[in-house]
Structure formats: structure tokens, C-alpha cells
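Labels A, B and C are assigned to the chains in the order they are written; within every chain, residues are numbered from 1.
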Amino acid sequence: MLSISNLVVAYGPVLAVRGLSLEVFKGEAVALIGPNGAGKTSTIMALAGLVPARGDILFDSAPINSLSTEDRVRLGIALCPEGRRVFVGLTVLENLVLGAASQPDRSRRKQDIDYCFDLFPRLAERRDQVAGTLSGGEQQMLAIARALMSRPRFLILDEPSLGLAPRIIEVIFEHIAKLKASGMTILLVEQNVGKALAIADRAYVLASGSLRATGKASDLAADPETISAYLGG
Amino acid sequence: MTSTNQSRRRPFLRRAVLGGLMTALPMLLVCIAIIATGEQWMVRLAYAGVVAVVVVVGLQIQMGNSGGVSFSHTVFVAIGAYAVAILSVPVQMKKLIIPNAPFGLADLSLSPAAAVLVALLIVAVLAVITGLVIVRVSGIAADILTLCLQIIAHSVFMYWTSLFRGSQAFFGIPQFMTLPAALAVAMAVIIGARIFRDSPWGVQLRASSENLLAARCFAVNVTRLRLLAWILSALACSIGGMIFAFYIGTINAQSFYFPYVFLTVAMLILGGMNSVSGAVVGVLIISIGIELIRNLENGPVLFGIELPTLYGLSGLALGAVIILGMVLRPAGIMGTREFDDILFPRRPETE
Amino acid sequence: MDFVLQQILNALAFGSEYALLALGLAIVFSIMGLVNFAHGEIITIGAYTMYIMIVMGLGSPLLVIPLAVLAAVLGALAFERVAFRPVRYAPTSTGMLTAFGVSILVQNAFLLFISARPRAVSVLGGLNVTVWVGPLRLQLLQILELGVSLVVTLGLILFLTRSTLGLAMRAAARDFAMVRLVGIRANRVIATAFGISGLLAGIAAVFIVARRGSIEPDMGFMPVLKAFVACVIGGFGSLPGAAVGGLLLGFIEVGILVLLPQQWGGLTDAIVFALIALILVTRPQGLMGRNVELGDKER
């Protein structure tokens, strides 16, 4: 479904990603793991078209390099970014409405909102509350729900566990597992290696902008050498 | 012996002075060429350009180091010009133009040198007072405060007719300045601006305008540095006003108001507000460009055909140049570089 | 008593004109951080459209007013497309100077192609009549100005709270990249912001021309300077702040005009702007702005 080859992301003279190749197949959950500064978020930003990048990005076998961020979203790629970035001044419901902005068919919006509220009952309770006043976990739920509102075929989750209490992380990962079970293709970027490998089918290990290891998630999780060498844990 | 000690203690000083000379070079060359032609009208235009260099470099001290836009620098140009005018006009002339001047100024006439010293003192005092207010706030609120200052000062110039003659011209100022003398003044101001820019104070101030929080974490006293930049900028701008008054002999508050503000701000941002060389480049390009087009406005004869007069053409072109300049080079022509940075790139300091 | 009420209406009329212009400035600033000094030229474009139509013999107010407003909207959209889009991600000073450039260009175009001198536009002179409302003698123009501004502001509030695009604009003021990440086109959001600012400036232009009865190339400068100040008093980038700042500026101006002794008349501007400076020094974030400390997290 998604195929990246030789991706290079540079900020001035600094190379953040040095020739990364990566593939995600339909229905799969793939984890992209690595320590701080490994180039994970730069990869995601390049995927979304928010930073300039070299290399080929194919989505459904068609190149999307030259497409704007907006058009990539319209193709069915949704990004739930690091730090959640919910629209703090708007209510939960308004956040979801904006999430559906790329959907031309208005009639399905109501149905999609109901689906999100079914998935995250906490959000239903707080539908008219301003998003800036939600707790971190609730904001993360809202960010995921907002991404789902565009009816994506491919969902990118960037650090969904960041800054959350362990108990809340459990809840968020349960939701991600549910999404995977429903057939969603997911690219999960995480520093929480244990959690990420437990949920993913395959994983890529990134360090200093280059690919260091890849394979089945269960194999990587069972290989303490890889884990300690690149992830320091 | 002392000089090596000096330069060891202040390694930036040598670079700033030599670099400042290089920064002034384009202005010098253009002016020498013009003096060589011996055309009086061109010398007059060149003089206006040198005044603009002093004012825009003065503006650069403020905008380039503290960040933000200033709309009030021409207030100090005006104060400088009016102060030397009021202090140095001969007494019998004052009976004619400002007979009712307050504080006994109608019966006072100083030598130009003394007038300049007193004027600098007045400007410094006013700059400290206004600066203490301005540095209390930052960002866009500070920009607007300078706008308020410009309007308040202009109203006072217009209203206080017994001292400033309101909307009437103030004339009779001794005219002793020459283009070479003005060039020397402009070079001194350029070198001064370079020294401030490269000094630890300037570096700290520029860093703080990029990231105020980080600067505070390093215990940089941003407020005091901004006040210093404000005062130095005011002094430099007022010097521009003084050399203008002593050459032209006649000044008018209207000519220091918004059109002049916008023109000088445009010169600086087009050249690149983060470098002194940018200030010089901006003045040169816009001054020369406007003069060339102004010839067209007066209905020139081209290939034997007399073109009609086209008032507004120079403004039209100025606007177009600014838009194009910003689209093609958003950080200004020079960006953050000085001429000497291009010729002799700075090595990263290792000690 | 009548005098007081008349002066209050006077202040409200001036204030709502400033508010219309300030809202236009604030909506563009909040979304793309652009201090649009060329906003005044949108007024000028609206005003000159009226003049050109009258010269062409199409002087009916019913035709002149909508077309002037339309021209202002188109002018604002054209500014965005030609001049501001290329500097969209550049520093604030770059955008501000680009706006100066647009302003200088447009003013001189009118100077070059029409005239440097003021030209009379009397088609809306009919609005400068006094009407009796009960025992009160009021200016029809002022009542209209206040009424239209209220309706337009309500419309704007509805747009910003009810429509998807309106929500997107409010969201974009805080996090533009995220708005693009939900698939909303950046160009559409920004063009809408400019369109709205043009609409508001066009409406203001109609009232400004009706009051002045004439047009000239730099007529947009003072109104926009005041609108700019209104924005800052209210808290730059805040839409409620712009509206409140505009009204407050109207009251300050009329108040000073009424209270100031005749012989000090020349100092009106000085006192108005000294008051504004005082407000700014005591509340730099503006009256409606949030007090943000450095390093604060967005809430």
C-alpha cells in the first residue's frame, strides 16, 4: 500500500533521514521504532508532505512526492501527529467536524461521528467541551478520532503514548488494537518499544536516520541484542 | 603593545572596523565617481543618499539587533535637525523666523560644533525617556508604540509653532557641510554600527531577538541591551538629521513624516535588516533606482519622441521593486551577511 | 442629554467603521501572521471603483455600492494571489514590507492613471441627512453605519462558528499545519480570510466615501492606521479584541474631540495616541489578548 525508497530528509546541512526504504502492506500494522533523534518524525513529516524530501514515496503504486499535504490526506492517508495537536480553541464535536473536512459527502459525517463516539465513549460525554481543557489521554483519543473522520485507508500514529500515564497508555493501545482488528492499515511510530512490538506485525528499527534492523515484530522483540544495541533498553 | 592587548580582549573590534570600512566602500565609490563628474545636481543627490545611509544604518542598529520594526526613527532625525537649527541660526535671523521662541532661545546662537553637542545631549535624554517606555513591551506592541511616538512627535512639531514653525519651513541654518565631510560622518556611523553589531552586547541582543526565553535563561539582560540599541540608534539617526540641516539650510517637519519612514524602512528591509551592509545596499539600490525613474516622470525625450509626464511612475516602480525583492529574497538582499563575510568567510571560533 | 446621545452615536459610528477594518486586519493576521499595511488600498480600490463608474455614467447607488464592495473583495484576493502567497512562510518583517510595496504600488497607480488631486464622488451624499428619531436629531449615515456593521459582524460570527470553513479558520489561527493535515486546503483558508477582509473593507469604503464626498490616492492610510491601532488595543489577532478595540478607539476619539478645549485642537492626534501608548504599556497583550508568558504551553 505504501512504499518508500531511498528517502532523504535534510534540514540545511543536517541529514535527519539518510536513504530509508520502507514498505507497508494493506491491512498490516507496522511499527517504526528508534531512539530520540532517529529520524522517525522526519520520516512521517515527509510522508505527509510537510517537509521537503528526496526519494520516492508510492501510495497504492502511484507516486505522491509532488502532492500537497492536503491532497495526500484526500487520497486516504491520515496523520495523527506527535503531541496530539487537537484544535484547542474548538469543542470536541467541532474538532471531529474539521476532521471530516476532506470528505465531500456530508451525509456520512453524522454516521462517522457516531462511530467515533462509539469507539471513544469518553469523547461523547465531552462533545461540547473545549478541546484545550481535555486531559492528555482524552486529547489523544480525540486526535485519533479526528484522524478517523477523514475515512482513511492508511493511518499514521506518531508517538500516541507520549506524555501519558501508564494506565492511559494501556487504554490507548487497546483502542489501536481494536482499529487494527477492524482492518485498518497502520504505521505506528513509538519510543515505547515493548508496546509497539506487541501490537505490530512487522517493525523497522531506525537510528541516526538509517535503517538498522527490520523483521517480524515478534522476532525483534525476542532478540535482545537488537533492542539493547539501538534502543538502549 | 596596547593594541594587541586590546584586540586580544576584544577580538571583534578589528574585524568590525575593517569590515565597517568594507561596508562603506560601495557608498564611497559611488560618491567619488559623482564628485569626479563635477555635476552639482548629482552631488546634491549623492548628499541626500549619504544622509539616507546614516539614517538607515541608524535604523539598522535598532531593527537589526532588537528585531521588530521601528516607525519612529525619523522622529530623531527631525529632532536632530531642528535642535541644531534652533541652536545655531543667527540671532537676527531668529527675529524673523521664531521671534517668540520659549526658553530665551530667540536670543541664543551657538557655534555649529556647540550646537551639535547640545543637540546630541537633547537627543540622548529624549531617547532614554522614550526608550524606557518602549523596552517595557516587546513584539508588535513595541512596534505600535513607535508608531504612537511618531504621531505624537509630529503633532508637537505642527502644534508648537513658536519653536518649530509648524507646517512652515525652518530656514536660515548655516550651510557649511560638504559631501566629503558627510561621507566621513557616514563612515564613522557605519563603523559604529558594525562595532555594536559584532560586540558581545550586539550578539546577545540579536540572539535574544531570536529566542527571548533562551536568552533569559543565559541571564542576558535583554531590557538593558534593547535600551542601549534604542539610544545608539536615536543618536545615529539624529546625526543624519544634523548633517542634512547643515547642508540644505531649510527643514520642514512634513519631510520627516510617514513617507520618509516608509522609504527608509523599505531601504533597510530590502537590503537586509540583519546586516549593516544590507542597510547600505538598500539605500544605494532604492536611491539610484528612484532617480533613474524620476527622469522618466518628467517627460523625457526618448529616440526623439517626447514622452508625456508620468507622475507616480517612480512610486509605482518602488512598490514593484519592493514586492519583487521580498518575493525573490525574503531576508533582504544581504540576508544576515556583511560584505566581508562574503569575501572572507568567518571561521568558526575554536578558542 | 441630546448632545450626549448624539455624541455616543457619533462614537459608535466611527468605532464600528474602525471595527470593520480592524476585523479584516485581525482575521488575516491571526491566520498567516501578516500585518497587512495594504489594507487601506482595498478601501481605495472600492472608492475608486465608485468614481470610475460615475465617470462612465453608471452612477446609480444601487449599482455603485455592490460593485465597489465586489471590487474590494477582488482586490484583496488579487493582493493575496500575486504578492502575499510567495512570502507566506517568510518572516513577519518580509510580509510587512511586501504589504508596504503593494500599498505604494496601488497608490501610485491611482496617482498615475487618475490624478494626484482629490476627486469628488457625490453619489452617496444623500446619506448625509439628519433624521428625527423621536426627539433626537440623528445622522442617517451614522445609523446605517452602526446597523450594517452589527449585521456584518453577526454574519461573521455565524460563519466562524457554524461553517466548516469558519471552524477551519479559527483552528488555523492556532495550528495551520494541523488544518492542512485534516485535508483542508491552505490556499482556500487564506483566500477566504482575504476575501472576508476585502468584504469588510469594501463596506467601510462605502461609508468613508459617503462621509468624505471625495476620493484621493492615499485616503486609505489614516483609517487603516487607526484600525491597526484598534487591533493592538484589543489584542492583536483576536477578533473580539479587534471589534472592541475599534469601538473603544471611536469613543476615545470622539471623547477627546468633545472634551478638548478649542485652542488645543491641533493636539487631538497626539493625545489620542498618547492614550493608546498608555494602554499598551500597561497591557501590552491588549485588552482581550491572553497573558502569555514565555514558554507557556498552548491551552
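Observations
Throughout what follows, a residue touches a chain if its C-beta (ideal position, glycine included) is under 8 Å from a C-beta of that chain, and two chains touch if they have at least 3 such contacts.
Since the structure is predicted, the reported quantities are computational estimates derived from the model, not experimental observations.
Arrangement of the chains shown, judged by which pairs touch: a linear chain-to-chain path with two open ends. Geometrically, the chain at the heart of the complex, using CA-atom means, is C.
Of all chains, the one whose CA centroid is most distant from that of chain A is B.
The distance from the centre of chain A to the centre of chain B, with each centre set as the mean of the Cα atoms, comes to 53 Å. For the pair chain B and chain C, the distance between C-alpha centroids works out to 32 Å. For the pair chain A and chain C, the distance between C-alpha centroids works out to 42 Å.
Residues of chain A found to touch two or more other chains are absent. Partner chain A is touched in their complex by these residues of chain C: 164, 167-168, 170-171, 173-175, 177-186, 298-299.
Residue ranges of chain B in contact with chain C, taken from their complex: 63, 69, 133, 136-142, 144-145, 147-149, 151-152, 154-156, 158-159, 212-213, 216, 258, 262, 265-266, 269-270, 273, 310-316, 318-323, 326-327, 330-331. Within the complex formed with chain B, the chain C residues making contact are 35, 83, 86-87, 90-91, 93-94, 96-98, 100-113, 116, 221, 225, 228-229, 232, 236, 266-270, 273-274, 276-277, 280-281, 284-286, 294-295. Residues of chain A touching chain C in their complex: 48, 50, 68-70, 73-74, 79, 81, 85, 87-90, 94, 97-99, 101-102, 132-133, 146-147, 149-150.
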